[in-house]
Amino acid sequence: MSYDIEIGRSKRARRTYSLDDIALVPARRTRDPRDVSTDWQIDAFTFPTPIVGAPMDSVMSPASAIELGRLGGLGVLNLEGLWTRYEDPQPYLDEISLLPGDDMPRVTSRMQEIYAEPIKAELITARLAEIREAGVVVAGSLTPQRTQEFSRAVVNAGVDLFVIRGTTVSAEHVSQNQEPLDLKEFIYELDVPVIVGGAAGYTPALHLMRTGAAGVLVGFGGGATSTTRRALGIHAAMASAISDVAAARRDYLDESGGRYVHVIADGGLGVSGDMVKAMAMGADAVMIGAPLARATDAPGRGYHWGPEAHHHEYPRGARTQMSQVGTLETVLNGPSNHVDGTSNLVGALRRAMATTGYSTLKEFQRSEVVITQRS
Amino acid sequence: MSYDIEIGRSKRARRTYSLDDIALVPARRTRDPRDVSTDWQIDAFTFPTPIVGAPMDSVMSPASAIELGRLGGLGVLNLEGLWTRYEDPQPYLDEISLLPGDDMPRVTSRMQEIYAEPIKAELITARLAEIREAGVVVAGSLTPQRTQEFSRAVVNAGVDLFVIRGTTVSAEHVSQNQEPLDLKEFIYELDVPVIVGGAAGYTPALHLMRTGAAGVLVGFGGGATSTTRRALGIHAAMASAISDVAAARRDYLDESGGRYVHVIADGGLGVSGDMVKAMAMGADAVMIGAPLARATDAPGRGYHWGPEAHHHEYPRGARTQMSQVGTLETVLNGPSNHVDGTSNLVGALRRAMATTGYSTLKEFQRSEVVITQRS
Amino acid sequence: MSYDIEIGRSKRARRTYSLDDIALVPARRTRDPRDVSTDWQIDAFTFPTPIVGAPMDSVMSPASAIELGRLGGLGVLNLEGLWTRYEDPQPYLDEISLLPGDDMPRVTSRMQEIYAEPIKAELITARLAEIREAGVVVAGSLTPQRTQEFSRAVVNAGVDLFVIRGTTVSAEHVSQNQEPLDLKEFIYELDVPVIVGGAAGYTPALHLMRTGAAGVLVGFGGGATSTTRRALGIHAAMASAISDVAAARRDYLDESGGRYVHVIADGGLGVSGDMVKAMAMGADAVMIGAPLARATDAPGRGYHWGPEAHHHEYPRGARTQMSQVGTLETVLNGPSNHVDGTSNLVGALRRAMATTGYSTLKEFQRSEVVITQRS
Amino acid sequence: MSYDIEIGRSKRARRTYSLDDIALVPARRTRDPRDVSTDWQIDAFTFPTPIVGAPMDSVMSPASAIELGRLGGLGVLNLEGLWTRYEDPQPYLDEISLLPGDDMPRVTSRMQEIYAEPIKAELITARLAEIREAGVVVAGSLTPQRTQEFSRAVVNAGVDLFVIRGTTVSAEHVSQNQEPLDLKEFIYELDVPVIVGGAAGYTPALHLMRTGAAGVLVGFGGGATSTTRRALGIHAAMASAISDVAAARRDYLDESGGRYVHVIADGGLGVSGDMVKAMAMGADAVMIGAPLARATDAPGRGYHWGPEAHHHEYPRGARTQMSQVGTLETVLNGPSNHVDGTSNLVGALRRAMATTGYSTLKEFQRSEVVITQRS
């Protein structure tokens, strides 16, 4: 990695690239889209659709996690969201979708109040049980701060994949106030595979891989619902971040003598082309929120928000209105009568793979990309 | 070619340039525009106007193909469009132009329905015969998927130039479902010259040249009517793509001991300046749609759409409204009272050649260009 | 420093970067925000909040300077503003906030009239005394042109820190018309520490450091209230400027055998992310105007203007309307229900330091930054 | 000059920079603006204001050329404009300013009609005589196409400086239809100094210098009234163009044993900052149109257009509405109550020179500039 640009006499930097800065290019060979496989295999599970539903209340309810599972993907329920705070969260989901859009501070304040309700361990158990009964892969997420408190409830409820997700999660969190989560020990003792992140660089990701995680989420508040760059000055351009973490996967594979840790791009994937590019940069799967929030049957009812939007101390996101394009099934598999990359996500991936001549996702990671001006 | 930019630790890329990123610069010598020749010669045909009308229903009907031929260019009829599906396509052209613009999904759906009507071989014959009777060069296009089914009808109808055009056409298409078109064999057996594409890189174009094609279309869904970049993540910046394919022409010329394959820029050429730049990057001719759709006598009646717009599975383009600037003759040859590059396309090319001191298109390909910020 | 870019055959240049062009990236380690110190120590003074209120009438009155001091920062009163021209400036502050926004030339003219009132030495004494009585650190600013005339009044009034601030202040001002201020002699004779600027490059800053200044302001009319770039063609991209001046600090530290001159970023810091980035580029503290003008208790009452806006000869800024986000305390320390980097500035800095794993501002200057497309 | 960027496999290019891409930076020394000289000396003439009024009917009438001369600059009358076509052009100027702005083709057509009126040699004589009687330096311009026809009338009328100005003027114009103007012979035989252009590169400018021209206009249709880039694909980024032509001046100075040919930036200088940057890139003076069209006493009465706007064959510009900022004197010398670089042009230049420490324009050409993102 070359820090080849001099910003000033005392600081050098590298240039990073977002998905908007790159594009795939057609290759010598093309392929029939029907011959292409989009299978994603992690641990004991195989998903025909390499799409993970982001643990956000506007996107994943128990019902929509089940539906996503039936459609071949993986739904992750936010275990610190409304479904584990309220016996019946529907009135609050309704209220959030009805808060007046022209008074953002009021929206933020009200969301902070709604999310101040404590999390109940028994609701965690109940929600995950509901998903399990539907016969799909069960996954739930906690933040690192809450993992120690609630992980037992999660594991006892019978989760298949456990997700630890925060804005930034490092393998080495330092605090003088509370004993931080020892990820390595935690994962070692847990009997389910863990996906952890966000991480947005080679070294942080490598350290997370060494904790024993089955997958690493690549991202840092770059999604549609976050204003992290403006507020904190921190930003991880997604194309560069995925490539860096994919390099960590490769190096860790060697270092560990063969442990393949999955790289899951998380954040900023707004349309099907973004998802395609994330895969081409080295992602094994994508965790998406906004594209799923456009489903007519999404819990957000045309609105989308992330956990940052109602952070009690430092809210950074916003509740965003989304255009609706069809059912979750239409969003994933079409048929599409929208031409802007918002529906038939899997069809788009399949077609992009066919056009560039690849038949598996692992091969597709080798795609040639170019840097090109944003249109 | 240097993949000199590190996007991340596991991926390198080259930077590519669109026509908007470049400009010609005046040279030491200027020339009288009247001394400039814009002749384009391919196979046995010489066209005073190096403009090929794109096979799109909004641009090329039999009548407008004839008119373009009379004006010195080459009209290519889309043999999978309305004119070969319907005995009288006019009511459908009218209907498309009247579909309400504020409901894009409905426009897309209705176009999908209209284009679901089967193609009739006898209409292919009739339409091409109509063009032939007018005494201009006859050209029609099919997609690779339909070429085997209808090519006999086309050749029997007496076509002068045959165009095989898809979003991406490779010389090596792989399918387990149907026997793909063997381009090399097909072209070898055909007794008319074939223009084939789109191709958007050195290697894909070189392979197409080796099939025996007389010309290669350079492009990949970059036109005004396509949202390919957003939906599929695939994009070929036009200036780089033309230069790459021109390099393939040069290398194939050597490899083949003298076969000159024409490079025809296809897509994203919205105004006369784009056409000029495409020539300067190495194109022998340009295939254009949008500029011709601005003619008052264009079939699209102020609207423009490509085949992607009504793709039955994965529509990606949109029916776009175009400002109208005058007859096809005015668009090509002026007199111009529009100052924005939408009329007098040939006059603009002539003037640009004169200003940079070149007298033939082949010489003009050597023009110096610079990279400059978009304005 | 490499002047590696050829603009043309007779001029080379370096590329410079603004804060919008860069971003911080998360690192291997994260830290508890509560363990982070934002202390800034200059001369005998320690400020828990490394924020200096810009000497602008819309931002700093005696009352708001006192309030900022109480909140841990440093307020600097403009000693050439309304508070030292008028016994009671409130009617004029009111009038400026009520001037009709659709007639900018009239606003400029009226402000020129209001600021034509002479400065009174006794008002300088009175205003500084008022601040001193409140028990906070006392600071006032003059332009280089007025420093000789009024500096005695300032020092006699008992100022703790003296600020000499102009658009550009050099250590070597040449004039045939009036004896310029000899900064080195002036600072040597004064018995209070002096902060001086703006400077926007390595060499100008190094020369200012050699005058004995305790701090250097980095900037050149880059703030929200200035149109210097458009009118004068002069611009100092802030990220590069801070890094250059930080390099001067490092080199002067060696050259002087250990004198540490503080680098204070001044101008163009509109949101908390900008402040974070300025620190990461090497600033010891930030002087801000616009973010403080968004306080409901700011003297500008929702408007913001700098001294350039009413320059008698060459006005360059404009009175700008600002959205209001809460009290000065809310702007600095939250609680925030605004998600756009306009409130809880100190919280944002603390969180950014924690996320990148640093516990002091001095360490935080080593942060890794990347160059990334503007969003 | 390094053609270091590969656009594609068959074309390399250099990157060029417009004035918007660069900025001056403050230096170690500052200077009192009153000590700065903006004198420009060409041939026997010294102009306190290095501003040449562009020969455009919206900017230069005999009266405004005289006024500009009185204010220290040089007015150039367009000898192919309305003042030499009509005994009383005022009705036509009035009409142009009243043509409805929402029907651009009609505006263009009507202007083409108005400018179809033949040029009268006797009106050339009369207009130049009127300027001469006012006691200011007399200058008029012709296009290369008309120079042979009318140059005698011009010289006999007693012009001090003769301007030959076209979009692109080369020293080597080739035509099979008419004997082109032999610039070298023409200038040699003429007894007045000639300024000629536009030229936009090192080689074209060097060749123009070798014809014996006293000055070269740098530009190619980059002004506010031209759409050359869009229509012809030709563009000369102004910062690079000026630097290249300044290099030709330097090299020709050596080659000729001491003949200093003036470099006059012409086009795209919309605000005072642009003028400042043009000087810093190496221009000796600037020819401006748009900034003067903003004068309340400009002939265009709030509108601005160039000769391209009514070209009989290939119109490329547009009649553009301009905000008005004050009299010509205010535009040049202030007092300014506009803060956007549209008034007090000379004051801005003076202040920029003072801030960067230079006292003459020739020294100012050495200014350090940086490349910076457009704001």
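Each chain carries a letter (A, B, C and D) given by its place in the written order, and its residues are counted from 1.
Note that a contact is a pair of C-beta atoms (placed from the backbone, for glycine too) under 8 Å apart; a residue touches a chain by one contact, two chains touch by 3 or more.
To keep track of the chains, here are their UniProt names: A, B, C, D = GuaB3 family IMP dehydrogenase-related protein.
Fair warning: this is a prediction, and the values are worked out from it, not measured in the lab.
*Asks:* Count of steps on the shortest touching-chain route from chain A to chain D?
*Replies:* Minimal hop count between chain A and chain D: 2.
*Asks:* Just how much do you need to spin chain B so its Cα atoms sit on those of chain D, in degrees to the nearest 5?
*Replies:* Angle of the fitting rotation, chain B to chain D: 90 degrees.
*Asks:* Counting only C-alpha atoms to place each centre, which chain is farthest from chain D?
*Replies:* Most remote chain from chain D, centroid-wise, comes out as A.
*Asks:* How would the chain C/chain D interface be labelled, same or different, where same requires over half of its residue numbers to be shared?
*Replies:* Counting shared over all numbers used gives less than one half: different.
*Asks:* Please tell me the distance, in whole Å, between the geometric centres of chain A and chain B computed from their C-alpha atoms.
*Replies:* Those two chain centres are 40 Å apart.
*Asks:* Would you kindly tell me how far, in whole Å, the mean C-alpha position of chain C lies from that of chain B?
*Replies:* Distance between chain centres: 57 Å.
*Asks:* Among all residues of chain C, which ones touch two or more of the remaining chains?
*Replies:* Answer for chain C, listing residues that touch two or more other chains: 14-17, 240.
*Asks:* So with touch defined the way it is at the top, what topology do the chains form here? Options are line, ring, star, complete, other.
*Replies:* ring
*Asks:* In the complex of these two chains, what residues of chain B are touching chain D?
*Replies:* Interface residues on chain B, with respect to chain D: 1-2, 14-17, 19, 22-32, 34-35, 202, 239-244, 246-248, 250, 271-277, 280-282, 334-341, 344, 347-348, 351-352, 355-357, 368-373, 375.
*Asks:* Enumerate the contact residues on chain A facing chain C in the complex.
*Replies:* Touch list, chain A to chain C: 5-11, 13-18, 20-21, 104-105, 108-109, 112, 167-178, 180, 199-201, 203-204, 207, 220, 227, 229-237, 240, 309, 313-318, 374.
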